[in-house]
Amino acid sequence: MSVIHVNNVSKHFGALKAVDGLSFEVQEGQVFGFLGQNGSGKSTTIRMLLSLIHPTSGNIEIFGHSIQDNRNEVLEEIGAIIERPDLYPYLSAKEHLQLFAKLRSKKIKPNAIEDTLRKVGLLDRSKDKVQTFSLGMKQRLGIGIALLHNPSLIILDEPTNGLDPQGISDIRNLIQYLAKEEGKTILVSSHILSEIEQMASHILILHKGKKLADGPIQTMLDPNKMIVHLTTTNDEQALQVILAGSYSNYLLKRTEGIYLSLPHFEIPLLNQFLVNAGVGLISVESRNSLEDYFLQLTSNSN
Amino acid sequence: MKAIISFELYKIFRRPRTYIAFGAIAALIVVIQFGLKVDGQSYAAFLMKDINDTLTVDGKVLNGYLICYILLQLLLVHVPLLVALIAADMISGEANLGTLRLLFSTPFTRTQWVLGKFIAASIYTIVLLIWLAFLALFVSMWVFGTDDLFLMKSNYVVLIQEKDVLWRYVGAFVFASFSLLTVTALGFLMSSMANNSIGPIVGTMSAIVFFTILSTLNIPLFSIIKPYLFTTHMNNWKEFFDIQVNEDNEAIAGSILNIAKIKNSLLVLSAHIILFVTVAVYITKKKDILS
Amino acid sequence: MKKMVVSLLLLCFTHAGFAQVDPLIEKVSKKLALVNDYVAEGVMKTDVSFIKASLGKVKVYFKKPNLLKVKKEGGISLLPKGGVSLTINTLLNTKKYSTIPGGTQVVNGKTLTVVKLIPNDDNLDWVISTLWIDPVEALVYKTATTTKENGSYEITMQYGSYAQYGLASKIIFSFNTKDYKLPNGITLEFGDEDPAAKKKLLKNKKGTVEITYNNYIINKGIPNTIF
């Protein structure tokens, strides 16, 4: 079942096309990674999903309902944090949860506030004012608010922003727990690609407001599309050799270093070819990562 | 909607800024009451200079009712500025803090949010007014006692019997609540147009000061627009303290000289409240939450 | 006014040799002498162009020779300055005056004898007082008194059931009022003034205070502390 259906949505701020003809679908139970550099249109899209920004054109359906027409019903089933964890500095963590619980028509279990505080690791600081919290604690409280009413769809915009490695790991574990143990559909955006790589089952790559690619992460990370980074004694010579031969088709345009994208079985052959051509090889690193895929796509697009 | 109102009220009354206004009003009133308690007689003598030439005034002129009137005269001009401090922050303050996106992604429409926030701000305004009434009227009654209200206006004197005074204060405070709600609505409108608190607060205060000056200047050019300015009508709570006289120049107890003026002012103020809030709803509905 | 006072004083001196108390005044004084003190309850009405006041209950206390106090019951009262103490009792009980006959005048259909009083004591506050007296009833129906400091007053009296003591059932004090004006900056009234109301208020510059008495309690004794 399609939880989010975005159909040809655009958002223009004057001459700037923040989002341009974007379409995608998120299915139930997916952890959907929303990837893009800063300013690529991720947050604008997420804000449109939450009806914080009105699309210039296009339709958004969530749970099969148009967000424009059935806003309140749709939002009842969504929990979200958007960018920074901005909260009320003069209120405590517990007060935040108590207040936001009032804004939901869904009945919230009596122990839900304590459970949520425990889940996000703030139980022992529940009575402290938010102004005494670190960024990571605020972020966790923000997630707590998003989870409090047990929504079916969780939207997390840059949830690991500004967190220390432990904080990032905690959030990652929480997202994985929510997806696997509680069967939530999660849309998570980030510009930190390794994060998405470790959490998402599906990804969408957004660049300058346009979709570059989307699909299951396995297909994105096709073993037939390995990224190879060559370190040679003479890069200029190596490049000339590659461009002259059949490997020129695999060459990736990069400002620094020599990168090729090729099936894994081609790597030994490439190695052989370069050695035969007299290129002094220092190392051949092959990687199959989202980051390379992402960089490749965005650099091609540029 | 009830949820929004209680949510907003909780925040308002948990915020230190809220109590600035309560503190400022208490400080002002206590200082004036102290001054009048210590040296009120010379103030009264100064006011009654013309009257004392012809008449002997016997009784407790400087009683709680007159003190309250003096306090209201002084304070109801300035309380709007304190109201602006909260009202003009209601939407823009959240935008500045970044919490507006949290609120507007809850299952309530923006119209509900704006109206809920306006009602909460209005409740704050009315609580502030009740605080003012308590200090200015009841504390003054307690400290200075009560007697007839001997009111010295610019061109004449009104002597209202003690038993005929209290309901007039009730009327005046109800009227003042309309005045202050107009300021609340104006602050709200300004608040809907900005993403920071300072701009709308200063904007609301400036608008009040600007229009008050236009309302008080007796320049014929401005007289054309005066009837339409909310500031012209805000001070008409005083009309509750003017009384009708019969053919024999006897004051008619329980009467108000110009009830039509009060009704007209209430209409103009209500129209302003509706206009300001409607525009605030429209702007908030239309705007993209980018903060 | 000054000229008038001076000429009256001159008149007084020219008649000084013949100064004697008018028999009618003696008759009135005798009647008033029956009253050592009284407490009267009444209703007071203040009618001054710049004052809007309602009727108020008052108690009037009098004690020989010239103590008089008007007290409003639980409220603020406005009385002509110094004027109320110049009632017929307080005037005549001083005994420090000379009289000048002034003929007769018809007032409200009654033929009244006019007698002028000139004080013999410089310490008294009044300069001259004219009395309009019904010679048959020995009742004073009107007085006009010029004071040293508080202007001129006219007091008109009506009589009822206490006429045998020379006590009025209604007293009307008439006096001239001065302009009243407080700056807008003090009253904080900046709105447009209603010109019609202002005009109406300023039309009449004569003020009156009326006291209508309901009952008198006579000669029951009053402590001096009241005054």
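We just call them A, B and C in the order they show up, numbering each chain from 1.
The working rule: a contact is a pair of C-beta atoms (placed from the backbone, for glycine too) under 8 Å apart; a residue touches a chain by one contact, two chains touch by 3 or more.
The structure displayed is predicted, hence computed values, not measured ones.
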item	value
Chain occupying the most central position, where position means C-alpha average	B
Chain whose average C-alpha position is farthest from subunit C's own	A
Centre distance in Å when subunit B and subunit C are each reduced to the mean of their C-alpha atoms	47
Centre distance in Å when subunit A and subunit C are each reduced to the mean of their C-alpha atoms	98
Distance between the centres, which are taken as Cα means, of subunit B and subunit A, whole angstrom	52
Complex contacts: residues of subunit C adjacent to subunit B	45-56, 70-72, 74-82, 151, 175-184, 186-194, 198, 201, 207
Subunit A residues within the subunit B interface of the complex	47, 50-54, 71-76, 78, 80, 82-84, 86-88, 90-91, 95, 99-100, 102-105, 145
Subunit B residues within the subunit C interface of the complex	47, 50-61, 73-74, 77, 147-148, 150, 152-162, 164, 215-216, 218, 223, 226, 232, 235-236, 238, 242-243, 245, 248-253, 258
Subunit B residues within the subunit A interface of the complex	3-4, 6-7, 10-11, 14-16, 97-99, 101-102, 104-109, 286, 288-290
